[in-house]
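Labels A, B, C, D and E are assigned to the chains in the order they are written; within every chain, residues are numbered from 1.
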Amino acid sequence: MSTRPPLARLGLDTGKKARLHRILHQHGLRNGTALFLPYDQGFEHGPRDFFANPGASDPKYVTRLALEGGFNGIVLQVGLAEKFYWDFAGELPLVLKLNGKTDIPSDHAALSPVHADVADAVRLGADAVGYTLYVGTPAQEQDFAQYRQVRVDAERLGMPLIVWAYPRGAAVEAKGGKNSFYAVDYAARVASELGADMVKVNFPHPDKQDDVPEQYRAPVTAQEAVDAVVRSANRTMVLISGGAKAGDDAMVEKARQSMEAGATGLIFGRNVWQRDHDDSLRFVERLREVLTKYDSAP
Amino acid sequence: MSTRPPLARLGLDTGKKARLHRILHQHGLRNGTALFLPYDQGFEHGPRDFFANPGASDPKYVTRLALEGGFNGIVLQVGLAEKFYWDFAGELPLVLKLNGKTDIPSDHAALSPVHADVADAVRLGADAVGYTLYVGTPAQEQDFAQYRQVRVDAERLGMPLIVWAYPRGAAVEAKGGKNSFYAVDYAARVASELGADMVKVNFPHPDKQDDVPEQYRAPVTAQEAVDAVVRSANRTMVLISGGAKAGDDAMVEKARQSMEAGATGLIFGRNVWQRDHDDSLRFVERLREVLTKYDSAP
Amino acid sequence: MSTRPPLARLGLDTGKKARLHRILHQHGLRNGTALFLPYDQGFEHGPRDFFANPGASDPKYVTRLALEGGFNGIVLQVGLAEKFYWDFAGELPLVLKLNGKTDIPSDHAALSPVHADVADAVRLGADAVGYTLYVGTPAQEQDFAQYRQVRVDAERLGMPLIVWAYPRGAAVEAKGGKNSFYAVDYAARVASELGADMVKVNFPHPDKQDDVPEQYRAPVTAQEAVDAVVRSANRTMVLISGGAKAGDDAMVEKARQSMEAGATGLIFGRNVWQRDHDDSLRFVERLREVLTKYDSAP
Amino acid sequence: MSTRPPLARLGLDTGKKARLHRILHQHGLRNGTALFLPYDQGFEHGPRDFFANPGASDPKYVTRLALEGGFNGIVLQVGLAEKFYWDFAGELPLVLKLNGKTDIPSDHAALSPVHADVADAVRLGADAVGYTLYVGTPAQEQDFAQYRQVRVDAERLGMPLIVWAYPRGAAVEAKGGKNSFYAVDYAARVASELGADMVKVNFPHPDKQDDVPEQYRAPVTAQEAVDAVVRSANRTMVLISGGAKAGDDAMVEKARQSMEAGATGLIFGRNVWQRDHDDSLRFVERLREVLTKYDSAP
Amino acid sequence: MSTRPPLARLGLDTGKKARLHRILHQHGLRNGTALFLPYDQGFEHGPRDFFANPGASDPKYVTRLALEGGFNGIVLQVGLAEKFYWDFAGELPLVLKLNGKTDIPSDHAALSPVHADVADAVRLGADAVGYTLYVGTPAQEQDFAQYRQVRVDAERLGMPLIVWAYPRGAAVEAKGGKNSFYAVDYAARVASELGADMVKVNFPHPDKQDDVPEQYRAPVTAQEAVDAVVRSANRTMVLISGGAKAGDDAMVEKARQSMEAGATGLIFGRNVWQRDHDDSLRFVERLREVLTKYDSAP
C-alpha cells in the first residue's frame, strides 16, 4: 500500500490548499479521501444516460443525491451550475467543468471546447475546476493551448485544477485502446507534467496489450498497474473514474485497489445515479466503506 | 401534465428576470406562456417563403401582425430591427437574432455566423437575444466558441438567451435525422447544459429510429417524447417550433401536447404569416386558446 | 397650456424610445405622464429622513408602495437595487441612480461621485439611469467629465438618461439660491444642452431675485416661471421634484402648474413616504388625479 | 408602381440621413433618385474593360465624366480615391468601395477581401461606402464576419452602407445562376436583413428557372420580378446595376422598369464609359429622363 | 427582537451565498451567527496594541487563537495573509482586509488606501474581503472611487464584501462624533446603499447629541439605537465592533443587545487578544453563549 502524502506536502499554494482542504477535510468523510459525482453526461452522451432512471435527468435531484450521499463535490457544466447551484451554494463543493462536447460528430480528432473560465468558477463559488485533456488526439495543439490558459488562470486564482486525462484518437485506438495500462499510465503522467492538481483516469487494463510499447507487454496484475499509474502521477492526486455502469462488486473491488495504490478518491456518476434513489445510496455506502480505510492527515 | 415552475424558481439574475417577466407577464396572454413570431426566414430560406402571402415580405406588416395577434415578441435580424423596430419600440418585445445564414451552400458542416452582439440588442431595446446552435455539426468547436461569447455577454448584461437548438450535420442525418426524438432530446439538453434561458426545438418524432442509440428505439408516444424533451431541458424554458406550414389541426394538437409537457410556449412563423391577414389571426387565436389553459405564476 | 410632444417626436433612438415607452405608456397611468418615487435619501441625507415613518427605512416596503401607488418607476442606488429589485424585477421600472454622496461634508464644491455605470443599469434590467449634475459648482470640470462618460454610455446602450439638475455652490447661493427661477431655468437648459432625455428640477421660485441677472428680476408668476423652465428644456422632458415634505394642497397645486406648463411628470419621495401607508396612497391618488388630465399620445 | 418612401421614413440615424440627403437631394437630379458611376472594373476585371475606350482608363477622365453627366456619385477603390478624389473633393459625392478582388482565380468560393475601412471613407470625405457580399458562397462565414465589421463601423460613424449583393458559388450556379430571379431576390433580401442602407443588384431574369426552388418556377414578367426584388429589400433602397454593356434601348427599358418598381436609382459603369465622351453623355441623358419621372420628397 | 432573515433571502448571487454559507454555517457555531477576529491593529494603531500581551504580536499565535476559539474567520492585511494563512488554509475562513492606514498623520481628511484587490483574496482562498469606508470624510470622492472598484470586483468574483463603515472627518466630529447614534446610523445606511454584504459598525451612543440633526436629539435607549442601525442596514448584515478593550460584562451586554436587534454577529479583536491565552478563550466563550441564542436557518 502506498501512502498518500498530506496536502501540506504537495507543493500547493495558499488558495489551492485552502480549497482542497475544504473538499477533502470538510466534506464527505473528512478524512482526506474524495468521492465526486460527475454530472455532465447529459452533454457528453445525451439524455439517453438518464433512461435507466428518468429522475436523474433533473439536476436538482442529482445534486441533492450528492448531498445525501456525503459526496465531496459535484461536477457541473456552467449552464447547470448557474441555474441549480445557488440552491445548494456552500453546502456541497462545486467542481465547474470548463470544457465539454457532444458525442455526435466523430471522435477521430477529439477536442473538447472550453465553455467557461476559471473566473466563472470563482464567481460561482466553486472549489475546483475540471478540464478534459484528450491525450494522444491529433488536435493536441489546440487542446494544449486552451489547457494552458486554464492552468495559468487556476494558478493566478488559487483554484485547484482537476484534469480528466482521457486517451483518445486513432493512434490510441491502434495501440491498446483508451483503457490500456499503457494509455492510462501515459495520460496520468501528462496531467502531472502539465500541472494538474488532481487527475481523473479510468482504471487501467494491463491485458490490453495489442501494439502497445513493449514495456507494457509484460504480465502485471491490475493492482500493479494502478500502483504504477498513481506513481506516474506523483504529487498530482489521482481520482479513479467509474465509467459506464457495471457490476457493483467489481466496481467496489476496483475502488479498493485504487485506494490501496494511493489514489485520493473516486469519481462515480452513472454507477451511482443510473438506479433508483435508495439503491444509489446503498451503493455509495459501499464506496464510503472503502474510503474510510484510507484516511490521511491534512 | 408537468408543472411549469414560476420565473422566481429558475435561477435567473435580476436583469434576465426583469426582461422575462416583461415578455411572459406583460405581453401576450400575460399568464406566463409565450407565443413568439420568428421573422428571419427571408434570410434563412430567402423570399420564397413570402410567395404564399406577398404582403408578409414587409417587416412592418409582420410586426403589426405580431402586435395585433397578441404575441409575446417578434424575432428579427439586426438589419430589420434597426430599420423597423423604432416604429414599435416598447410596444412589442424584440428578440434580436444574433446569428444566421442562407440555405444556399451545403449544410454538411453547418455553422451560423454571428451578425450582431448582445450590446446591439441592449441598444435596440430588445428583451432577449436568439442564437442558433447546430448540435452535432462537425463545426461544433467554432459554434461553441461564438456561442460562449454570446452567453457571457448575455450574463454580463442581464439579457435572456434563447437558443435555437438545431441538430445538424452528417452524423445527425445518419442517426435518425434532425427531427428524431433522439436528436431533439439531445439538443434540448445541450442548450440547458450550456446555459440557455429558453430553448427552441422542433417537435420530436419518436418514430424516426434508424440508427439512433438503442435507448431511443423503444416505442413511445409523441406525448411521452415531448415530455422527455421538456424534462431534459430542466430549468431552461422550452419553446416548440412550428416549422414548415402544415395542417392547422395537427399544429394545434402539437401545441397542446407541448404545453401539456410543460413547455413555456410556441414559436410559430410560417404557419402564421403564410396566409392572409384575417386567416393568420384566426389561427393565432386557436393557439392562444391552448396557451390560456397553461398559465403559471410569476 | 403647453402641449407635450409625443415620444416619437423627441429625436430618440430605438432603445431609448423602447424604454421610455415602457415607463410612460406601460406603467403608471399609461398616458404618457410619469410619477417617480426617488429612494436614495438614506444615502443623501441619512436615515433621519425615515424617522417620520420608520417603516420607510425598509426598501422592500417602499418598493411595494411604489407598486401599489401605480408609480412609473422607483429610483435606487446600486446597493439597494442589487439586493431588492430582484423581488420586483419587471413589475415596476427601475431607475438606477449612478452617482450620489452623503450630506456630511460641506457642499461648497459639491460633486456627486459615480458608484455604478450604465452597464450596471442594463444588467439589473433598469429602464433609465439617473445622474446628479451640480450646475454651478466649482467642481464642474470633474462633474462634466464623469457626466460625459455616462451620456456616451447611455447613448451606446439605448438607455434613457435622467439628469437631476441641481444648482449648487457659492456662486449659486450668491445669486438667488438654488431654487430661484434663474438657477432652475439655467439648470434645465444645461441638462438639455448636454443631452439629458429627462431633467429633474425643483419648482422655480421667481421671487428669489437677490442678485440674479437682471432678466430674472421682472415680476413673473409661478406659472410663467415653470412655463419658461419647460421651454428651456425643449425636447428634454421635465420632471418636477417634490423636495422636502410640505403641505399637500401646495404640492398638488405645484404639480398642476408643472403639468400645465408641459412637464412630463413628477418625482416625489419624502412627500410620499414620510407618512403612514394609507396616507401615502391617498396623497399619491391626488397626484394621479392631476396627471390623468395631461395625457399624450405615444 | 410602388411608391418610394422618403428618407425620413427609412429608419436612418442622423449621420446617414445627412449624407444620403446630400447624395439624393443636393446632387444629380436633386429629386431623390440616384445615378451612380462605378469605376472599379479595372480591379475586378482588369484593364480589358478599357479597350473599347482607352481614355476611360484615366480616373480623372471618368470622374470628370461623372461630374459632367450629373451623377449622384462615383464609386472608387481606395487607391484611386486617394490619388484622384482630391481634385473633385466635395463637388461630387464619393462612394468608397471597401472590398474587391481580381477575377483571375476561380470564383467557386468567392470572397472579396477588404482593402479599406469606414474610417478611411470618413477621412476621404466620402458620403457612402460600398461592400460586395457574395450571397451563397461557401465562404459565407468569412464574408459575413468582415461585413459585420463594416456594418458596425458604418453605424458608429453615420456612414451610409451600399451592399453589392451578388449571388455566387457552385450552389448558385446549380440553381438558376447568378442573375436568376431566385438568386437576385434572395440577395436583395439578405442585404436588407443584414442592415444595408442601399443594395445594388443585377436586373432579375425570371426565365432562368433551372433547379430554382419551385416558388420561382411560375411564369412572371420582368416587371413582376423587379417589383418583387424591391419589395424584398423593403427599407433598403435598391440600385439596379447595368452590368456588361448592352443595347441602349434595352438598358433604358430596364431602368424604367426598375424605377417603376420603386428602385431608388441606377448604377451604370461600362454602359456609360465604354464609348466616346459625347456618346456617354447622350446615353446618360436618356437615363436621367427616366429618373426625372420618379422624384420623391426628402 | 428582530428576526434575522436567512441567507437565501438577502438577494445574494451564487458565489457570495456559497462563501457566506461557509462562514456562517460551516464554521463557528454553525448557526448563522458570526464571530470574527480582526487582526490589523498592528497596522492601524501600531505595535502598542500588543504591549498588554506581547504574544499577540505573533500572527501565528492569534490565528491559532481564532481556531481554538471557534471564530468564523480572521481578518488580515495582505502581508500577514501571504506569510501566515498557508498554515491554516481552509481550516478557518480568511477575510482579506483590502485597505488600511497608519494612525500617524491627522485624520481630518481620512482616507484608507487600498493595498490588495479582490483577486488577491481569491488567490489566497479568502471567503470575504474587508474595506474601510470613512463616511463623512472630505476625501469621500477618492474613497468612493476606490470602493467602487472593490464592489465591482467583489460582484464579478462572487466575493462577500464587508464594509468597515467608520464616520470620520471634521464634520463628523462637529456633529456628535464618530460613535454617535446619528453617525453610526448614517454609516450603516451608506454601506447598504452602496452594496456591502456585511457592515461593521461601532455600537451607537444615543447620548452623543451635540449638534446632531434634530431627529437624533430625542431620548432613545441603547437598544432602540442599535435596533434602528440594524434596520437602516436592511439586507446588509450587521457586525458590531468591540472597539478598544473595555469591561467584559459591558461588552457582553452590548453583544446581547446587538444580537437582539438583529445583528448577524460580532467582530472583536483587542477585547479578545489583549489578555493571556486562557483568559481570551474564557471571554470568547461568553460571547459564544450569547450568539448561540440567535441562530437562523440558512
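The criterion applied here is as follows: a contact is a pair of C-beta atoms (placed from the backbone, for glycine too) under 8 Å apart; a residue touches a chain by one contact, two chains touch by 3 or more.
To keep track of the chains, here are their UniProt names: A, B, C, D, E = Fructose-bisphosphate aldolase, class I.
No experiment lies behind these values; they were computed from the predicted model shown.
Enquirer: For subunit A and subunit C, which third chains touch each of them?
Expert: Intersection of subunit A and subunit C contact lists gives B, E.
Enquirer: In the touch network of chains, how many steps separate subunit B from subunit D on the shortest route?
Expert: Minimal hop count between subunit B and subunit D: 1.
Enquirer: Mind checking subunit A against subunit E and telling me if their interface is mostly the same residue numbers on each side, over half, or mostly different?
Expert: Mostly same residues: over half of the interface numbers shared.
Enquirer: Which of these, C-E, B-C or A-E, gives back the B-D interface, meaning over half of its contact pairs coincide by residue number?
Expert: C-E
Enquirer: Sort the other chains by how far their Cα centres are from that of subunit D and give me the top one.
Expert: E
Enquirer: Report the inter-chain centroid distance for subunit D and subunit E in whole angstrom, where each centroid is the mean of the CA atoms.
Expert: The mean C-alpha positions of subunit D and subunit E differ by 69 Å.
Enquirer: Approximately how many whole Å separate the CA-defined centres of subunit A and subunit D?
Expert: Inter-chain centre distance comes to 59 Å.
Enquirer: Please report how many Å separate the Cα centroid of subunit A from that of subunit B, as a whole number.
Expert: Centre separation, subunit A to subunit B: 35 Å.
Enquirer: When the C-alpha atoms of subunit B and subunit E are each averaged to a single point, how far apart are the two points in Å?
Expert: Distance between chain centres, rounded to whole Å: 49 Å.
Enquirer: Could you check subunit C for residues that touch two or more other chains and list them?
Expert: 13, 82, 86
Enquirer: For the complex, which residues does subunit B have touching subunit A?
Expert: So the residues of subunit B touching subunit A come out as 10-11, 135-138, 140-141, 144-145, 148, 151, 155, 167, 169, 171-172, 175, 182, 185-186, 188-196, 213, 215-216, 228, 231-232, 234-236.
Enquirer: So in the complex, which bits of subunit B are touching subunit D?
Expert: Contacts found on subunit B: 40, 42-43, 46-48, 50-51, 54, 57-60, 77-80, 82-84, 86-87, 100-102, 104-106, 111, 113-116, 142.
Enquirer: Residue numbers of subunit E touching subunit A in their complex, please.
Expert: 13-22, 25-26, 81-82, 85-86, 89-91, 94, 119, 122-125, 156-159, 298
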